[in-house]
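My questions will all concern the structure given below.
Order as written gives the chain letters A, B, C, D and E; numbering starts at 1 within each chain.
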Amino acid sequence: MYCYAPMEYFIELTFSGLTRGSIYALIALGYTMVYGIIGLINFAHGEIYMIGAFTALIASSVLTYLGLPLPAILILAALAAIIWSAAYGYTMEKIAYRPLRDAPRLSPLISAIGMSIFLQNYVQLAQTADYLPFPALIPEFDFLEPYAGIVGSTDLVILVVSALGMIGLMLLIKYTRTGKAMRATAQDKKMALLLGINVDRIISITFIIGSGLAALGGVLIASHIGQINLYIGFIAGIKAFTAAVLGGIGSIPGAVLGSYILGLTEAFATGYVSSDYEDVFAFSLLVLILIFRPAGLLGKATIEKV
Amino acid sequence: GEPIKIGVAGAHSGDLASYGLPTLKAAQLIVKDINANGGINGSEIELLIEDEACKPEIATSTATKLVSSGVKVVIGHICSGATKAALPIYRDAKVIAISPSATTPDLTQSGDYPNFYRTIGSDAVQARYVVDFTLHTLKAKKIAVIHDKADYGKGLAEYALKFIKDSGEAKVVLFEGVTQGAPDYSAIVQKIKRFRADAVIFGGYHPEASKIVSRMRQKRLSIPFISDDGVKDDTFIKVAGKYAEGVYATGPADVSQSPIGIEYREKFKQSEGKEPGAFFDNAVTATLALTNAIAKAGSTDPKAVATALHNEEVDTPFGKIKFDDKGDPIGIGFSIYQVQEGKYVQVQ
Amino acid sequence: MEPLLSVEDLTMDFGGIRALDQVNLRIHPGEIVALIGPNGAGKTTFFNCLTGMYTPTGGTILLNHQGKGGKRINGLKPNKVTELGLARTFQNIRLFSNMSVLENVMIGRHCRTRSKIFGAIFRDPATLREEEDIIGISFALLERIGLADQANTFAKNLPYGAQRRLEIARALATEPTLLLLDEPAAGMNPQETLELNELIFSIKDDGLSILLIEHDMKMVMALSDHIFVMDYGRKIAEGTPDEVRYNPAVIKAYLGEEDVRA
Amino acid sequence: MLEIKNIDVFYGNIQALHGVSLRVNQGEIITLIGANGAGKSTTLMAISGIVPPRSGSILFEGRDISAMAADEIFKLGLCQVPEGRHIFPELTVTENLDMGAFLRRDSKGIAQDLEYIYQLFPILAKRRHQPGGNLSGGEQQMLAISRALMSRPRLLLLDEPSMGLAPLITKQIFDIIRTINQEQHTTIFLVEQNANLALQTAHRGYVLENGRVVMQDQAAELLSNTAIQKAYLGI
Amino acid sequence: MLTAKDVRQALLIGLWFMFLTFPLLVIKVNTIEDTIIWRWNNMFIIGGVCFVATLALRSGRRLLVQKKQEDASLKNSRLSSRIRTHLHHKMVYLPLLSLVLLFFILFPTQFSTYQTTIMTTALMYVVLGLGLNIVVGVAGLLDLGYVAFYAVGAYSYALLNLHFGLGFWTVLPVAGLLAALFGVLLGFPVLRLRGDYLAIVTLGFGEIIRMVLENWSEFSHGPSGISNIPRPGLFGLDLSLNQSIIYTYYLMMLMVAFTIFVVNRLQNSRIGRAWFALREDDIACQAMGIDKTRTKLTAFALGAFWAGMAGVFFAAQNTYVSPKSFTFLESAIILCVVVLGGMGSIIGIILGALILILLPEYLRAISDYRMLVFGATLVLMMIFRPQGIISTVRRTYTLKR
């Protein structure tokens, strides 16, 4: 029965794992940024991603109706998704999280859960609960044809974009003034204020960047899967969150690493064991890693100074 | 006289509303006609509508609510899980329930719910069609059976597995569930390739089906894909686009030529401005069968209604039907369809 | 007399930094011993190693537990160390800020009491008695530090100096034989420091030994029987207050010129 | 330079300051002393715009800053070293210092100041690549003051700079406070528990009790005031 | 009251929301039928609503601030604290308590069986909330997978009944203990984890349990669930559906009373204090001689215990269990009960459960908007009362001599 070359199979699985991982990574980056700066598990982040996908769908439908060429549609739709998701992220932070900045730790979490429920139902009422086909915006690359069995064009685009996203973010955080201000704000808000950093603005920027990235993810992933509905955000959100924690929440490279590991685990679990339990594998891996590295793979496991 | 109360329970909100709402509409359309013609034996029909969003724990409380408001007959529920949760309550209250869409074989076959009827073939029947088609028409020898881990899909897949094994004509090389809502199914597709399956039977709904089929075709895996009723939906064709071409799915026998079917479809289109979705014909059938039985029985007395359901044939979109002693419909069968040039075409 | 605590060659590394380098120290019963040294010398780290917060990289810590000779306590969990009779306060106050002042002290009784879930639910006589004892002892300690009338306010609402004293009371509630105080006078004004001195003397009179980290030299000189001086993780001097005060190495590293004259 | 007029400050419903008024003249070292919880830190927080006063006004060089945002106030040249240091624990020592110069854009000047700081506090130079959170208490205090100096403030607010510092360092820090005041003409507003030292360093002083200013005078006068001696100097 | 600035601000906010909601609310696409519908009126409705709401909010806030300033001199003038001091008065709370009790006792006689079922469910959430409160509210361990223990309880009853014919009363304690055992099992690996790392692991644990129930058909009957679970028995009497529902309701009430009694005693005991301390500062806690490991494990076990028992009630009430009922959303709602009610406050959690479970029920009238309103309510409640409906009051002690 096992006449299929094992090595080839392994490579195929690796690619499908990487694709999944990249998908998680695009969402996990936003999760980790927001967590890093205000210590909030932003359960509504998945919804922002979903809104991004919907906005792109709406934009592309309208643009198609207007008769624009495909590349233009892709770019404009992605742009619209990014702009509006960022706007939603920004507004959400202002309404639901900012008033709770000094509240007990769990209050913003509940607010986030509420926001997530609200946004899901908002989209359902404004649009539909049904699955909607999402047009294939990413063209098929001819040069990939010989490798079609292994990797497709959307896979490749997603892989590249998530890698670029991570590198861009890391550069931003390490070297720009905004990045520095973000790190300072993340560690001590009061002191950042005392050093003349506009903390509110920095937090807003974080939400805007995180949401924009999620929207970009939304466009790419939706066009990879070919359909969207209002629950895509929730499921992907949980996975992305898991990935972010796996890598060490708050750490940007950690989020990407965690996503790849999670994606690969799921692919190999499916490939070599059974997809019945792929999520069980994913979560067990998480527990296992956290037992040995309680702050995630790249999280700083410092001894707390007493 | 006193209005006759009929409960209508199902998913009218949430993500499964697209299955529940057509049912509700069908009942409303028919009842409107009946009431316009003076009701049943002079009594108007009153519909009590309950939404349970296909959630079992809500279904039990809505069932209780219907029972406590004096309902004796219910059209519903939509999902098998919710139906299963509600049925004991109906049974204990001696309420008759008739579902247009709950297909779990147990519901009728176990004999636990003598008060339950349905106007749709059970999963076992459907699985039989799927397997027979795959084995005899497609002549597949190595079959991958995939499902979506949910009630309906997994149940169907398990029956398919059993029938294939029993037939001894082919081997099941892979039997697995995929996670609903996962963003990417490449890994399972690679696995199907690896086991050199020459056909895939999928139990589940169209979102997963379209994702799997698209992935298969993108990975240049062109073996036949045979699925069920949950996939025989135009949305599937839209979503999967060119990859849908050639996919097989079972579905209730074609009723597009039946005058009753056409009548209610037209009415639906007039009032809603779109094509009725899944299970609409089944719901029309259920409502017609139930109101007919009440009329014949002369009351909503459960015994009398049951006798009428078992014995009195009624004209429906599916032709003349009645119910066997377990509550399954006699006269409603399945057909096999294939997507050809963007449309489902009956092939068997 | 046998020492209560003897530390031999204690070493602690953090990554590349050696925070403690083969430190030796002895405390005899009933002594007040001070540990001084410049900022970053490793004093708090020393405390953390003693109390099980950190596991030392090398060396031995022997505690004479109830006269049964030296028991090695390196690497024990902090709660075990506390049970053996070492209690501490923290340099950065770590009270249970949203619990009442009294409850903070009652927590200190935890390791000296036994009641379990069964007792909690059924409130059998033994549990009730134990609970009353806890309250009684805790109140007594509060009276001693002058906070009895604030017993039911949140710890976080206390003034800073009071919080420091509360930390001491909480540590005393664990019935230690050795009390470790990490800069108890920090943030207090000179007047409050004087009051603190009184408290520490009275604790000594109860027969406890005290190991004290403090930068307020007036206080250190007034209280201690013996002083250890550390710099860069090493012990650079030890002796009586007067010996240390005039030790040139100590003056250079820590005291500065003026204090010699003072 | 700075004039506080009759401010009331609240935490929720609790009033921490009752009609506090005080002024700081250009070039002065001013100290505010008082018992624990008197409201000294609150006064500084009100000036920095972290806890805005509910009534009254705060004038900085004639401008009312009482309703301004903290970062705006900072831009005017007011920098605070808060109680408890507030080092960014995961930034290295150098990065922490950089944050002090966050709004400055003269990289040359910044580099010079950095050198100057490292001369002032050699231990910081040694630890420059360590995360700030791992420093000892005293090291952190030095870092906090240095970080504030990196912003070249015109008015420096210091909240208990001597807390937890070794005698030698305390002396150093007070020397440096005087140096900054004399050489760089930075005006300094000093809040201190160690009233002795504070009054020896400052030109003038205010005494705060339960959120009210109860006394103000030349530092030397306060030092010799018997009531003050009894209450705050432990004599 | 309102200045020109307010109006300008409100206008800006109105415009912003018109922009924000433009794609989703104005354009409706259906890529199945290839239709695009433009709904321009939505845009103006949103703009108008936001404008008016902003103005209302601003004037409201201004009024409130003024009032606050007037009250500021009076300490304890806040309504909640005033209520609380009154509540502590025996003359007030005893009659009040009896009134509330009377209401609950008479409930099934005054309302339909349907209402009774809903109330039973709400009471179930009271127990769940109180259980989770031990873990989250008291011990400060954020558990996002609490529903796992609920599932363990429900399936214990379903399976033990199916295979061994064990009855409700036998299984009730067994399920509690089984859930507690799972609590310890979960507790062990996560002991070293702090804060949100704990949250994700518990979330994962909850999902694992659900997925095992879904996939391991031989054991759990898979996604189709287990039906025909008997309702609680009453000395072998034959109860009609109505009677049995009312009977279950009263049992649930007893269960709630029992839970309140035990949880209250636990909170105010040596163990309870240790849990609180652990929440406040776990390092200081260890330095005070508290065994962190053991304290955490007892919190997990005792929290899970109640979920297990509530699970048995759930299975018995619905006579049906399936993995679908134990999703993450359920955990989230229980967590909302705890936080919304006020962590650590028993009365708060009871109120929280009643509000959160009854609210969606009574919002059925506006069925389409119900979950929308529910989500918005969560956000608003948190904004206006971040510490929950009733914030924790620590017990005060007096010295008996």
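Definition applied: a residue touches a chain if its C-beta (ideal position, glycine included) is under 8 Å from a C-beta of that chain, and two chains touch if they have at least 3 such contacts.
Please read all numbers here as calculations on a predicted model, not as lab measurements.
A.B. asks: Going by C-alpha centres, which chain would you call the most central?
C.D. replies: E
A.B. asks: Sort the chain pairs by how many C-beta pairs are in contact and tell me the top one.
C.D. replies: Of all chain pairs, the one joined by the most C-beta contacts is A-E.
A.B. asks: Using mean C-alpha positions as chain centres, tell me how far chain A is from chain E in Å, no decimals.
C.D. replies: Chain centres of chain A and chain E, defined by C-alpha means, are spaced 28 Å apart.
A.B. asks: Please work out the Cα centroid separation of chain C and chain D, and write it as a whole number of Å.
C.D. replies: Taking the mean C-alpha position of each chain, the two centres sit 30 Å apart.
A.B. asks: Determine the centre-to-centre distance between chain D and chain E, using the mean Cα coordinates as centres, and give it in whole Å.
C.D. replies: Computed value for the inter-centroid distance: 46 Å.
A.B. asks: Quick check: how many Å separate the C-alpha centres of chain C and chain E?
C.D. replies: Centre separation, chain C to chain E: 42 Å.
A.B. asks: Counting only residues that touch at least 2 other chains, which ones in chain E make the list?
C.D. replies: 31-32, 215, 283, 368
A.B. asks: By residue number and range, which residues of chain B touch two or more other chains?
C.D. replies: 149, 177, 235, 238 - these are the residues of chain B that touch more than one other chain.
A.B. asks: Chain A: which residues touch two or more other chains?
C.D. replies: In chain A, residues 130, 132-133, 276, 279, 306 touch at least two other chains, as defined above.
A.B. asks: Provide the residue numbers of chain A that touch chain B in the complex, in ascending order.
C.D. replies: By the definition above, chain A touches chain B via 1-4, 9, 12-13, 15-17, 19-20, 23, 129-133, 136, 148-150, 152, 155, 221, 224-227, 229-232, 235-236, 266-268, 270-271, 274-276, 278-279.
A.B. asks: Would you tell me which residues of chain C are touching chain E in their complex?
C.D. replies: On the chain C side, the touching residues are 51-53, 77-79, 82-83, 87-88, 90, 94-100, 102-103, 106-108, 110-113, 115-117, 119-121, 123, 127, 130-132, 134-136, 139, 151-152, 154, 170, 174.
A.B. asks: Quick check on the complex: what are the chain C residues that touch chain D?
C.D. replies: So the residues of chain C in touch with chain D come to 14, 17, 36-41, 44, 91-92, 159-162, 183, 186-194, 215, 217, 253-256, 258-259.
A.B. asks: Please name which positions on chain B make contact with chain A in the complex.
C.D. replies: For this pair, the touching residues of chain B are 14-15, 17-18, 149, 173, 176-179, 181-184, 186-191, 193-196, 206-207, 210-211, 214, 218-220, 235, 238-241.
A.B. asks: Flag every residue of chain B that touches chain E in the complex, lowest number first.
C.D. replies: Of all residues in chain B, those touching chain E are 12-13, 51, 55-57, 60-61, 64-65, 67-69, 80-81, 84-85, 87-89, 92-93, 104, 106, 112, 149-151, 154-155, 158, 177, 234-235, 238, 274.
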